[in-house]
Structures are given as structure tokens and as C-alpha cells.
Amino acid sequence: MSQHAEPIASSSGRAGGTGVWFIGARGSVATTAIAGCAALSAGLCPPTGMVTETEPFAAAALPALSSLVFGGHDTVDWALPKRAEALAEQGVLPHGLARAVHGELAAADLEIRTGGPLADDRRTDDELITAFAADIAAFTHRTGVARTVVINVASTEPAPAHDAPRLPTSSLYAAAALRAGCAYVNFTPSTGMHHPALAQAALSSEVPYAGRDGKTGQTLLRAVLAPMFSQRALEVRAWSGTNLLGGGDGAALADSAAAAAKNAGKNRVLQDNLGSLPQGQVHIDDVPALGEWKTAWDHVAFEGFLGSRMILQTIWQGCDSSLAAPLVLDLARLVARAHEARITGSLPELGFYFKDPDGGSPALAEQYISLLGFATRLAATA
Amino acid sequence: MSQHAEPIASSSGRAGGTGVWFIGARGSVATTAIAGCAALSAGLCPPTGMVTETEPFAAAALPALSSLVFGGHDTVDWALPKRAEALAEQGVLPHGLARAVHGELAAADLEIRTGGPLADDRRTDDELITAFAADIAAFTHRTGVARTVVINVASTEPAPAHDAPRLPTSSLYAAAALRAGCAYVNFTPSTGMHHPALAQAALSSEVPYAGRDGKTGQTLLRAVLAPMFSQRALEVRAWSGTNLLGGGDGAALADSAAAAAKNAGKNRVLQDNLGSLPQGQVHIDDVPALGEWKTAWDHVAFEGFLGSRMILQTIWQGCDSSLAAPLVLDLARLVARAHEARITGSLPELGFYFKDPDGGSPALAEQYISLLGFATRLAATA
Amino acid sequence: MSQHAEPIASSSGRAGGTGVWFIGARGSVATTAIAGCAALSAGLCPPTGMVTETEPFAAAALPALSSLVFGGHDTVDWALPKRAEALAEQGVLPHGLARAVHGELAAADLEIRTGGPLADDRRTDDELITAFAADIAAFTHRTGVARTVVINVASTEPAPAHDAPRLPTSSLYAAAALRAGCAYVNFTPSTGMHHPALAQAALSSEVPYAGRDGKTGQTLLRAVLAPMFSQRALEVRAWSGTNLLGGGDGAALADSAAAAAKNAGKNRVLQDNLGSLPQGQVHIDDVPALGEWKTAWDHVAFEGFLGSRMILQTIWQGCDSSLAAPLVLDLARLVARAHEARITGSLPELGFYFKDPDGGSPALAEQYISLLGFATRLAATA
Amino acid sequence: MSQHAEPIASSSGRAGGTGVWFIGARGSVATTAIAGCAALSAGLCPPTGMVTETEPFAAAALPALSSLVFGGHDTVDWALPKRAEALAEQGVLPHGLARAVHGELAAADLEIRTGGPLADDRRTDDELITAFAADIAAFTHRTGVARTVVINVASTEPAPAHDAPRLPTSSLYAAAALRAGCAYVNFTPSTGMHHPALAQAALSSEVPYAGRDGKTGQTLLRAVLAPMFSQRALEVRAWSGTNLLGGGDGAALADSAAAAAKNAGKNRVLQDNLGSLPQGQVHIDDVPALGEWKTAWDHVAFEGFLGSRMILQTIWQGCDSSLAAPLVLDLARLVARAHEARITGSLPELGFYFKDPDGGSPALAEQYISLLGFATRLAATA
């Protein structure tokens, strides 16, 4: 093992090494991000899909991809290299890539700890938070990185009941990040940092955090199309959509409570861009036959001049992990750099990445401008 | 007739009355614009699709819709009220609207003059320009409007041969506008003001002009979607499209030379937004069975992280006249107001409306910001 | 009124006049069928969409369209001519048609009786059946028709609970048809004749009956596409679909119990054609903005040679009443003629028309062959 | 090499071994067919997509897949195993399959001869036919198969000029098949056996032949959907389509003359099923970014009852080689068996497989019934 780990160990040993701690570290998104980061560092692939590798971010002093060191929590125990092979068979990773970056995957695999709460777990919420925070702190210490960003890429959890006696799992991890003094990103619709019980700790912490729910498909499209209708003064009467998801996400969201959490974010994009919520529903179907791929169909019924009725339909066929992984790497770099620059609290400038952002414009074009402004701000402190 | 014309005559008699002179005044777009302007002035319909009726334009001192007076050139001689009835049967205009605004349509009908060149027309280019300019000037004088905007909404003409001995028809009209001292808008892909022979006259004129080729469907979508791919660093490999057009536009564009003119604009949007032109073609088919409706299918093959292949498809089903008419009214008001404010030359701030604008950003969101800036500039001179 | 009713009265006075009694007589389907029958009888429109007007049915001795006399039950009280005007504004009926056939609509309007059970209706099931049967018998007697077909085109009712103490409404009407000695067609997914309590009466009756649930859109497509996959030995992995419905049907089916009844028929088509039910769900959404129109999107994930993954998508945009009305007229003629020819019991040869037919092949092409055979059989008894 | 060839040699040594001689033997379709036949013979994959492996063909005494021996002509010289690796990277063949059947691919590779005419080829048509026939005869002799079927799966050639002095290449190969006494299948739209100069030889030959142009995507759909419109008496007003093709086929068909050949077949399906050709065009675009995949969009504008306007759209995303290869194997078996059963001349019963068949119904469902009848006929002679 050790010879595989060396390249990363050496990079992480440098001042400026950055830890990335995934909640859901053995999932498709994390595996794709870790394999992709290694492939890009080795020059095997161009950085397609990574916004932070484009020119406007050159001066922002972001941590190099080759300086990222990966670890995380998960509750399953398949090995990352094996997971990567499975993703290659699904067409998510290119042929041969899993083998080419086997060392980096195996190194990350060694840094994954069992999360929780497990079945019949008798630990209290506070004990769990302490245990998780200890795992993260040990990783930071062991790898010698300057700081670690905690990123939630686990399966969507059901929306919590109002009177639930315990914190949702995602909030346990968010609290652990705070306790470990780590920046935090919630790439899922789960509660995470948005729990009232964490509000005080979040406010008094000195870390930046961002979320929630990565905008990778249908909602990305909605965030560019809804502003078009508004700007053209066209009246959207109904916006209907169906998502077909394979993979684990489909199964998780087939649980209607989890889907409700997801759909709240989707609707918010329409509400905020159009000024009111049009007719129409959103469905999320679990279709295992699609494997790692997803399809989103949207049907927009709108009225134009003198009430004429018109229709726009869109069909988005993408690979969820391929869409998410580069954004996750972007966020790791941006939030780590913000932490370094002593920027704290929520980061509305990162709304470009999220379905349900912490403020800012709901329109993608304006979110992009805001993101460029954030890059400029980071560059100014470099 | 006279009693029908009175409301417009009285409004046009006021200082500030604005003339709108359509090239192609008996076509679907002009008929819809005239009928719609009357309907909105009478409060019969909400101003859906009119950008200049939204809040950001309230202070720009644009001419009131009720102050617009219509006339124009055409080479056919069906009556506008009859044309409006036909559009109502196609579902372009609401039931009963043609009858409700019969007076305004009949009044405009009286202000339409025969254009040219006609078959076997022996007049020289200069004679034609002079005749057209005289028609426009007489209209301005007769109706007492403060100024007139000339707007080309005629069928697309074939791209001119390089060594054509005569000016294309659209350029004859553009030259007539200059000679009559009128502002000019080219809502079609025809040459219009973009002819080398008009360059000197355009430069030395003291009128504003804008163009070209209204952005009403497929290209509108491309102007919002292409920036999304760029901003997300996704690699567009191929962008293919097919347009099915009924009505006169389909027949005009079935002429492959005219289609070539149209497609140049469509490709420019991709080239300018993506940095290079992806694979793929655009087809324009004449499908008379679609009547006044058009359908555009786009297929975008793009690559994401690690080269994963993904696809976006869009289907836009719209009524061309309903999409174009409110933009034409917007442009009439904006350009007339610019003329009043002594703004001259090309207006890149109106790129929001055009496939092939005179400069400015190719992305709709930035074009919208630029348009808002133009409104602010107009407000400052009010 | 009387002069309008004359043409129908005279035709119904002839031997061979045929009564058509609609359950849901003031709904979109019934109104379109009545208006369309009058328009075709008067030669105002070609018989597009009517299978029984094609050549293979010429010798089947079906009742002439001009000999049909309409009446029915409904629980609302708007007038048919007014309903037809509303359908014309939605584009379902051509401009001017409602006026042209006003007489026939008004005549049918006079033959509509209030159905039930009404709110707080204290009548027993048997009393209701007796009252409905009396209404139908009186119509037959009054109009002098040779026989009457009862056709259910009412909104879909929720699937009945297993232990419901009373018959579902659709079954009350079906029982009334039996009691009145009338042939019966169920064009909806409601229970109708398929209730255990009616089994004995149906068996011992001497009338023909057919159903259920007209196949007008998504399921029609499935009945032609599913056999293609089977015949080509392609493996359908998942068949997903979303229906967007405006009009009353959307609202009725937004009730998930009613949707369950509808979806059972849709799934049966897949199950029967493919041999097993693939992955995937069907959604029915109420989208009032679509008016009388409906859109169905289907996504079929299938495997070909060596497991290669492929996809077919279909989008069907239709007007439900326009699709249903000619089939309803077809069925009225076919079933009335079967009654005349002393054919009794269920008619599996009419599976061409139904989502959930009483036996026969599930593939449209074979159903069509079976229907042609039925026409031949009718011709042989003529 | 020899050890790899053994399994096939032994099977082909048996009486009943069947030769399959591909024109275009190194192309995607031939490579997929050869690799797939080996995979199925070895039980590595289920026979998805192979109609002749379904139950109705069990008694037809078709040659076993394991008894097929492959060879052919081609003008390129890359090796089949390498080509198979490339197809696996495109997702056409499953991971690892190319390696698993390397022996069979290498054996077939040895049986491929250089075709023609080559650039600056000075041989006359007759000399070429003789040379090709000799290659085929030598293959039959060398492998000891009972008979050989020649199958054209080469790229589409341009439609020949009427006054071309020489035979088109596809007809040279068809003539060679006749001269070698071999059955012949034309899976492409090229002329092949349909050349007047071959008519006499075809008539007097004692071999069966079938064609032309495999029905694998858009036309397959049209052959099931067009009958639906006819059977339902719906009026198709316009049927428009766009095909996006990667791979070699796209490049070949970007040549508009070749596309014309292809489109003639597509239109024939509509003409024959609908009774007349509706409005609308078909486009074939070369989109190299799609690799081995193709997408076909169809837009059908149709009228229903009382002239209501409705639309069906279909999107077919498939892998051309995966769709074609099993049909090619089906045809090899069926035509070889017909040859054995002394059935000669054209085989209209195989219209199920072709865009432009030699007679028979244009509707897929009836073509399937005809194919089942053919299987029964073959069984009767077994």
C-alpha cells in the first residue's frame, strides 16, 4: 500500500496540503471526485466540468488539485478501487482510469472511517458528534494538511419530523465539522447545517460553510430558463417535470419523504425566478435500469402576446456523478481557500452551485457573476 | 371608416405621437403587432411578452402604446382586418379580437403603400429609395407624428450575391429610412443597413438603428443555454437543430439561400458564446401544415468530467407572430425614444432582441443587463 | 326549438333510428361527439378519426350517423350549445361549428336528465337503477328509436373499496342499461359492468356490452410500440411515463384513487404485450393551464444485442375529446348493430378501442384485424 | 492462430456448417455480428435482439449460431480484434468481450480478402466479379461449409447515375454472389441486386436473395406508427425527421447522394402505409461526436376529429451496430436455410427486416406475421 500512498503523502506533507473529508466517501460522487482529481493531477484528462480550472480563477490562489488529500466517513465497506471499476463499467469513468489511479484510490480508502449512527447504536448525539470530530481531526493531523473541508455527498435523508428527538444524521456530521474547526459544504438536500440546534454553533464558529443541494441537472436548466421567461415578460402557466434516476440516488429518493426534501429546492428555483410558483408537479422515479444515469424531462406551458399558448420541453440525460464530482472539487477548493482567507459563515457567493443557496440571486447568470466576484475577493487576499 | 380612425388620429395628433412604418405591413407579424397594440391600449389584454411594459422601463419616457400610429409598405393587397380574422382562426389572435380592434386595423390599412421593386419595375435603385422615402415622409406629415420608426418585418430575402448589380430590397428600404430621417430596425436576417453601399450614409445620419434578426425561438434558447455550458466548463461537442416552420416564413426559408442568411445568425450565437463552433447543422423546413406555428428541436451533445458523454435536447413550440410582435413594439418604442434623445448610430444595447446584434455580449443574461442600462440612460434624458 | 329538432326527429322516426344515451352527457367528449355527428351528417367536415367510416365497414350495415339520436344523464346543468362554444374557444371544435349545429345540440340538450346519486340522495341502489332505467326507456319510447346504446363517458370515479356497501355510480348506470334492455359501452376506467354484483345480470341479459377505458393516447402508442420490442426480441428494462392533463379529466385523476384505476389499464397493456411488467411508473398530473389538451411523455429504456442500452422517448400532444369522440361514435354504431344482429355478451373483438379490453390480443395490429373480422361478421348478418 | 480457429473449424467441418461472407467485413456491423455470434455460442450473453432465437423459430431447422463461419471482403486493413476493442470503448460491446472472443475474431480476420475496385483499378467489371466470386468460392471450399451467404453491410454508396458506364460496387459483389452460387442479402440501401444489368442473372439463378436496407431505427418506428394512424383514420399532415449519425455511416451519408438513396426507403414506408406521402423532409447529419450512436427525431403533425391538430414526436437513441448485428445474423440463418430448402429468388417474407423490401405489406405487424409464416414453411421442409 505504502508506495501507492506516497505521491499523496508527499503532497500533503507540504505546507498548503488540503484535506477533503467526504460524508459518503464510498459513494459514486466521492469515488468519481477522488479518481478524477488523481487523473487531472497526473494530466490524464482535461479538466472538463471544473469551473475553478478556468481562467477567471487563476489568481484566486486556490489549493492545487494535486495537493488535495481525501478521506471520509461511510457506512458501507466496499473498497474504493473496486467501486471505481464498477463505475468504469457503467461508463462513468473512462476505460483504464481505475487502474491508472489505483494508488490514489487505495490511499484514500485507508482514510475512510465507519460513520453512523449504526443500527442499535447506543451513543448519544453528542457522543457521535465527538467521535466524528475526532476522526476528522485525526485525519488532519495524520496527513499533515493545513486544513480540512468536510463535504456531505451522502444519499439524501428523509426530511426530519418536526418533533424528532434526535438530530438528523447529516446534522450530526455538520456539528462534527464545526467541532473539529473545519469548513463545511452540504452538496445534498439533507438538513446538515440548517438545523435550529446548530444555529448558535454555526454563528459563533470561525469557519465558512456553503450549501445546499448541488445543482446538476433539471434545476440547473431551470435556473437559466426561468430567468429567460421573466426577462421576456412571458407568463409561465405550468412547469412540470419528471426525473428518472438509477443508482443509489433513485432508490433513496423513491422514499417520498426524501423526495419532498429534494423537490423543495427545485420549486424554490421557480418561485424565486418567476415571482410565483406555476402549476405543475415534479416526480422523482427510481429506475434501476438506468444505472448511474439520469433523465429529466421538463414541460413548460407559457403564454405569450395576447395569451397565445406555447410550450418548451427539455430532456436532460446525464451522469449524476460526472456532473457532481467536478463541482464538489470546485467547492472543496473554494471553501478551503475561504477558510484560509478567514472568511466565515455562510457563503451566498457560491449560489451558482446550489439548488437552495444561502441567499443571493436565483438566476444562474447572476450567480456566475457573483462567483467571479468571489474569485476576485479571494485573489485580493492572496 | 373615419370614425374608426379617430381614436388613433386624435392620439397621433398629440405632440409625441410616434409613427411605426412596417416593411411587410400586411404580414403576420405586423398584423399581430397592430392588433395587439390596439388591444393593449384598450385594456383588452395584459401586456404579456412586452418587455417595455415591465417595471424597469417605467421611467424611460417611452411613447405610450396608445400613441403609436401604424403604416407601411407591402406588395400584397389583402386587407388587414381580413388578415387578422385569418390569424384568429389559426389561434394567433384571441377569438373576437379582430372584430374588437377593427377600427384600428382599418385605419392602419389606409396607411399602407405599395412597395417594390415590382415585377418589371424599371425604376433605378435611387428612384425607388426616393419613392419609398417620400411615402414615409408623407405618412409622418399626414399623421402629424413627431417622428417615425421604420421596421423591417418582411419575409427573409436570399443572401445577396457578392457581385449583384443592385441593392437588395431590404437595403433600399433601409436607405429610404435614412433619406427620410427616420430611425430603423431590421427584425429580419435580410441585409438592410448592413450593406457596404449604405455604410457612409448610415455613419453620417443622425438617426439610431438596430438589428438584426429577431431572437424569438431556437436562438433565444441558445443564447441562454450556451452560456450555461461555458460557465460550467462543460465541453459542447455538437449542437444540431431542426426548425419546422409553417406560414410564409417557412416557404421563404425553404429557399436555401434565405436559410443560409438565417443560419449565419444562429451559428454566430454558438460561436460567440462557446468560443468555437461545435459540430452539427441547422435545418429549416417548410411545413405548411403547421400554419402559423413553428417547432424547433435542438440536440446538444456535450462532455463532462473525465469525458463522460451527456445530452440535452430542447423542443420549442411557438407561434412566430406572437413571439415577434411584442418585441417589435418594444423596439419601436425604444428606438423612437432613442431618436428623441438624440442617440444615433447602431444600438448594441438592444442585442437582447437580436440573433446577430451590432456588438455586445452574446449571452442573454448580459444582454438583459445591457438593456436595463439603456433604459436607465433613457430615463436620465427624460 | 322545434324546427331545430326536426331533422333528428325525422331521422329517428325512421325504422333503424338509434339512440345514444351518454352517462356524462354534458361533458367534453359527449358534446364533441354530438356536435361532430351533426357536422358530419351535414357534410361540414370529413370523417377524420372515425374508423367506421372507412371502407372495410361499408358493408357492415351500421346505423347512419344521421340516424343517431342523443340523450343522457348528467349532474351538471350547463347547456350543450354553450359548452360547445367553450370547446370552440379551446380549439377543440372549429370556429363557427357550434353555431352551425346549434339545433342538434339544443335537441340533445332537451333529452338530458339529471343523474345521481345526488348529495344527500336517500334512494337505495335499486331505486336509483330503476329511475335511471326509466329515463332511458322513456327516451327510447319518446324518440321512437329502434334501440338505445348506453355509453359511459363520465369522469373517472375512484376505484371502489372492496367492502363498499353500495355499488359505484358507474355500476348503477350499467345495471340500468341492463334493466332497460340496452347495449352498454364503458369508455372510462370506472367499474361499470365489471362489478361482481352485476355478473349474473350481465350473463343472463341479451344485450352486447364492451369496455373498458378508451385507448386514445399514451396507451394507444404503447399498444403499437410494445409489440415492436417483443417482435424484435429487444428487452424492455423500464417504461416510464408522465401524463399532463388539463380539463376535467386532470382534476378527476389528480385524485390518486382514480389515477390508480387508470394506471391499471396502462400497465396491463405493457404486461400483456411484453410478457412481464418492466420497471417504471406512470404519473397523471392535473395541469389546468393545458385546457382541453393533454401531453404524454414516455421513456423506454431497452437493451439490444449484447446488452447495449438504448432509449426511445415519445411525446404525444393531443386533444382528449377530439381523440375520444369519433371512437365513441364508432362504438355506438358497432354495438347497436351487434344488438340488432342478436350478438350478446362481451365483445372482445372491440379490444382495438380499449385499454383494458374483455380479452383478445393486447397488440393494436392484431386488435385491428379482429375488428375487421367483426365488421365481416356484421356484414354477413346484414 | 490455429488454436483459436479450432472451435469454428470443427463446427464448420460438420455437415451443415454455414459460411457468412460480409461485404464490409471489418466494419462495425460485421465486427459486432462476429463477436456477438461467438459470445452467444459460448453462452456469455443472452440472445437479446435475435428474432431467430425466439420460440416460433425453434422448428425451422436454422443453422446453429455455433456453426456459422465468417469471412468477407473489405478495403481497409485494421484487424478485427482491434476493431472490437474500439467498439468496446464506445460501449457497443461489453467490457471484456473482445478479449473473450479474440480467437473467433482472429479466425475471421484470416478469412477477409481485399475487395475493390481499388483506386486506379484497371480490372473490368467482369474481371472484378470473377475475382470476388473466386474469393467466395475458395472460402466455401477451404472452410468446408455446406453453403455460404453473402451479406452486404458496407457503407452506403451514392445512388448511381443513370448513365454510369460501370456497375456500382455493391452490384459487382451481388453479381459475384450469383456467380459463386451463393444466397445474397443486401442490408444497405446500395443498389446491389437491384440493378437492371443483374436482372436476368438473378432470375435464372437458383439462390434466394433478400433486401434491402435494414430497418433499425427511425424507419422501424415509422413502420409501426404509420399503420396506427391509418387504422385510426387519423390524417397525417406532415412527417418530418432528423437523424444524427456518428461513426462511418454518418460520414457516408453526409454525401447527399448517398442520403438520397437512404431517404427513398424511409419515404417509401410512409407512402405505402399512409397511401400518400405527407409533407416534411428527412435530414441525415454527420455528427462524429456521437461515435457509434445515432439519434432520430421524428415530428408527426396529424389531424383528428373535426380537423383538430395534434402532434406526436419520437426520439430514438440507439447504437446502430447493436441494432443491425442481430438482424444480420437472423438473415444469414434464414437465407441459408431457404437456400438449403431450395427456395429461390426474392424473399418478400423477410420484409420485416428491410426499409425497402421486395414486396409484401409495409406494416411491421403484418411483416412479422409473414415472417412467422416463413418459419412455418421452413419447418415444413425440415
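Order as written gives the chain letters A, B, C and D; numbering starts at 1 within each chain.
Rule of thumb we're sticking to: a residue touches a chain if its C-beta (ideal position, glycine included) is under 8 Å from a C-beta of that chain, and two chains touch if they have at least 3 such contacts.
Small disclaimer: the values here were computed from a predicted structure and weren't measured.
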| query | For the homomeric pair chain C and chain D, should the interface be classed as same or different, according to whether the shared residue numbers exceed half of all numbers used? | reply | same
| task | Please report how many Å separate the Cα centroid of chain C from that of chain D, as a whole number. | result | 43
| task | Give, as an integer number of Å, the spacing between the C-alpha centres of chain D and chain A. | result | 47
| said: Roughly how far is chain A from chain C, centre to centre by C-alpha average, rounded to an integer in Å? | reply: 50
| request: Two or more other chains in contact with one residue: find those residues in chain D. | output: 91, 309, 311, 313, 315, 317
| query | Mapping chain-to-chain touches, which pattern fits: line, ring, star, complete or other? | reply | complete
| task | Under the touch definition given earlier, write down the residues of chain D that touch chain C in their complex. | result | 32, 35-36, 39, 45-51, 53-54, 91-94, 97, 220-221, 224-225, 227-228, 231-235, 303-319, 322-323, 325-326, 352, 363-366, 368
| request: Write out the stretch or stretches of chain A touching chain C in their complex. | output: 237-238, 240, 242, 244, 278-281, 283, 285, 287-291, 295, 297, 299, 301, 309, 311, 313, 315, 317
| query | Tell me, which parts of chain D touch chain A in their complex? | reply | 88-89, 91, 95, 315
